[in-house]
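Next up is a structure, given as structure tokens.
Per-chain numbering from 1; labels A, B and C assigned in written order.
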């Protein structure tokens, strides 16, 4: 399903990514070909089995990696080599800097980019308040839980006021209840900033709950098997899991992904019974 | 509080060591091993004497130069081998082998090249200290979580900004550990050089005192060195812990 | 052999080759360093003639005995200290500072007390090595997962059985690291002592050769020491690495 040109915020067309093998091993076809158009302001989730190339897709879109073939655009301009201004990334691993306080962590990107001190203070205080970290501004990441550290990373991204936010399984390391709450946080973030969001996750219910559209990826090399439209209203939260349509969406995703997940586990893709 | 407990433990250990020293002294006799009190008395006489100050200064100067070499060369090697993966992979086992080798085996070569000069002792000291600094610096750079570098790129940091504001603080605790061990080993190298073949320095004083059967002088100088090394190490360890506490 | 391994060998061969070249060409004075080929030659002749065999056996013998004593006593002490947490806590600053002090400064003292014999040398070897073994033992016993002790109680195993059948194998990789360190420290302790002052032994002979301007003898024995120390340490290191890999798998 394609959209009108002005609506397209970022796109990947014919993108593939092949990793050259180390000496003596064959190259790895990690991703593609992928065609994707992100509409401005939408929430798009990508689900797929482990190793299917979801993170690679995110890094190619961000400009952290170059595609082996195909083109990537952001706001009409090609993406290449460096991370474009206006794109924010939250990684799966804890990227908070342990030698800086929470406040300094959040301010980090702004300081390096020559933003005025008063403006830095305003944006950081604002972001920390939004993420519920004001009381911990003077603490060090080592003193915080995993979930809070991810919130620090999100704050650091937020203050840069990105128009496209990429999240690479940001809640992978957290327990189930915390994940649901963080999901609500992300939705709040989305509504507040009006940014376009691409979320990578392996959790089907998380994708189904949060996204406007969900791309189901095959096992490596990752391609989109299906794009599911959820049709949720913008004002939504985790309580949506009890809606009628929810089970249908997760069911459809699982139909697509069951075989792919088994492939990535090493099975032939068909199990008896 | 943990700090006072540790202080109490240290005090207990010192007392036990002193008691053991006294017991050993009584066992072996004053000519062989003077007790704590006579050593202290001798020490009070020795320090103001020119002989101690002269030799202590010689050791200090030698140690200082050797330390600069250890740190400078060690950091440079460690940085290069940490950043340049292939050099690191090739060189690490070589460095480790050198590290476990009794370097005193190579001292005669150093002597042949430099003679009984300051340069020789400095070189020997640096030979000891360079390796832990290089190995730990290399390890520190290799252990930088890749996500830090990716974050630096998403935050649009320039190369220099990345090195100064991300790589440097991230590697600091481990590098300081290397510097601490380098400090210890450089001191050891310098003292060994002085004990083996030198005409000055505290190491020389000890050997000299042994040949003159002056047990009190031997003990006094040894205790001074012991105290210096222990205190310096405690200080560096404290710095290291402060850096680690944030990590 | 991996690509990295070949490059390493190439680097070493080139380095030795360069040294050989510089010595032969006269860039390096032969009174300072003799060509590596001559060192090897002198060593082979020395070994064949058997002149230095006494010293070789003596020195390596002391190292082996010092290492053995350090490993056994270090392990025993480690076990005891591990069982007494309060004692261990108190000893913590001691262990943290032990290797920061240049203990060779006490070697002359040992000579005065015990005389110029093998005893001070042996003591220095043990003193250098034993604490590394104790620390490694403590670390190894720490790493024994709690759950294993519970399994032992479920199977109603006694203290000794638990120690031998569960704790020892679980701690073994760390214990082996302790052995590796003890051996390399024993080497350092014994050789350095022999250099400083000793009645006999390789260190003594090498330093005598230096004083007598007998470069061939000196370099031959230095080469022997370097080869043996490097070979032993490398062998232990390789085994240690293998066990470490297995340890990674065992953690699952």
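In the analysis below, a contact is a pair of C-beta atoms (placed from the backbone, for glycine too) under 8 Å apart; a residue touches a chain by one contact, two chains touch by 3 or more.
Since the structure is predicted, the reported quantities are computational estimates derived from the model, not experimental observations.
Taking the definition of touch as given, a chain qualifies here only if it contacts chain A and chain C alike; those chains are B.
Across the two candidate interfaces, B-C and A-B, the one carrying more C-beta contacts is B-C. Look at the CA centroids: the one farthest from the centroid of chain C belongs to A.
Per-chain Cα centroids separate chain A from chain C by 52 Å. Taking the mean of the C-alpha atoms as each chain's centre, chain B and chain C sit 19 Å apart. With each centre defined as the average position of its C-alpha atoms, the distance from chain A to chain B rounds to 48 Å. Every residue of chain B that touches chain C in the complex is listed here, in rising order: 5-6, 9-10, 12-13, 28, 31-33, 86, 89-91, 93-94, 96-97, 100-102, 104-109, 111-113, 184, 187-188, 191-192, 195-196, 203, 206-207, 209-210, 213, 215, 218-219, 221-222, 225-226, 229-230, 232-234, 237. Per the touch definition, chain A reaches chain B in the complex via residues 59, 62, 64, 82-83, 85, 87-89, 91-95, 97-100, 108-109, 112-113, 140, 142, 153, 156-157, 160.
Note for the complex: chain C touches chain B at residues 4, 7-8, 11-12, 31-33, 89-94, 96-97, 99-102, 104-109, 111-113, 184, 187-188, 191-192, 195-197, 203, 206-207, 209-210, 215, 218, 222, 225-226, 229-230, 233-234, 237.
Those residues of chain B that touch chain A in the complex are listed here as 145, 147-148, 150-151, 153-157, 161, 165-166, 169-170, 172, 243, 245-247.
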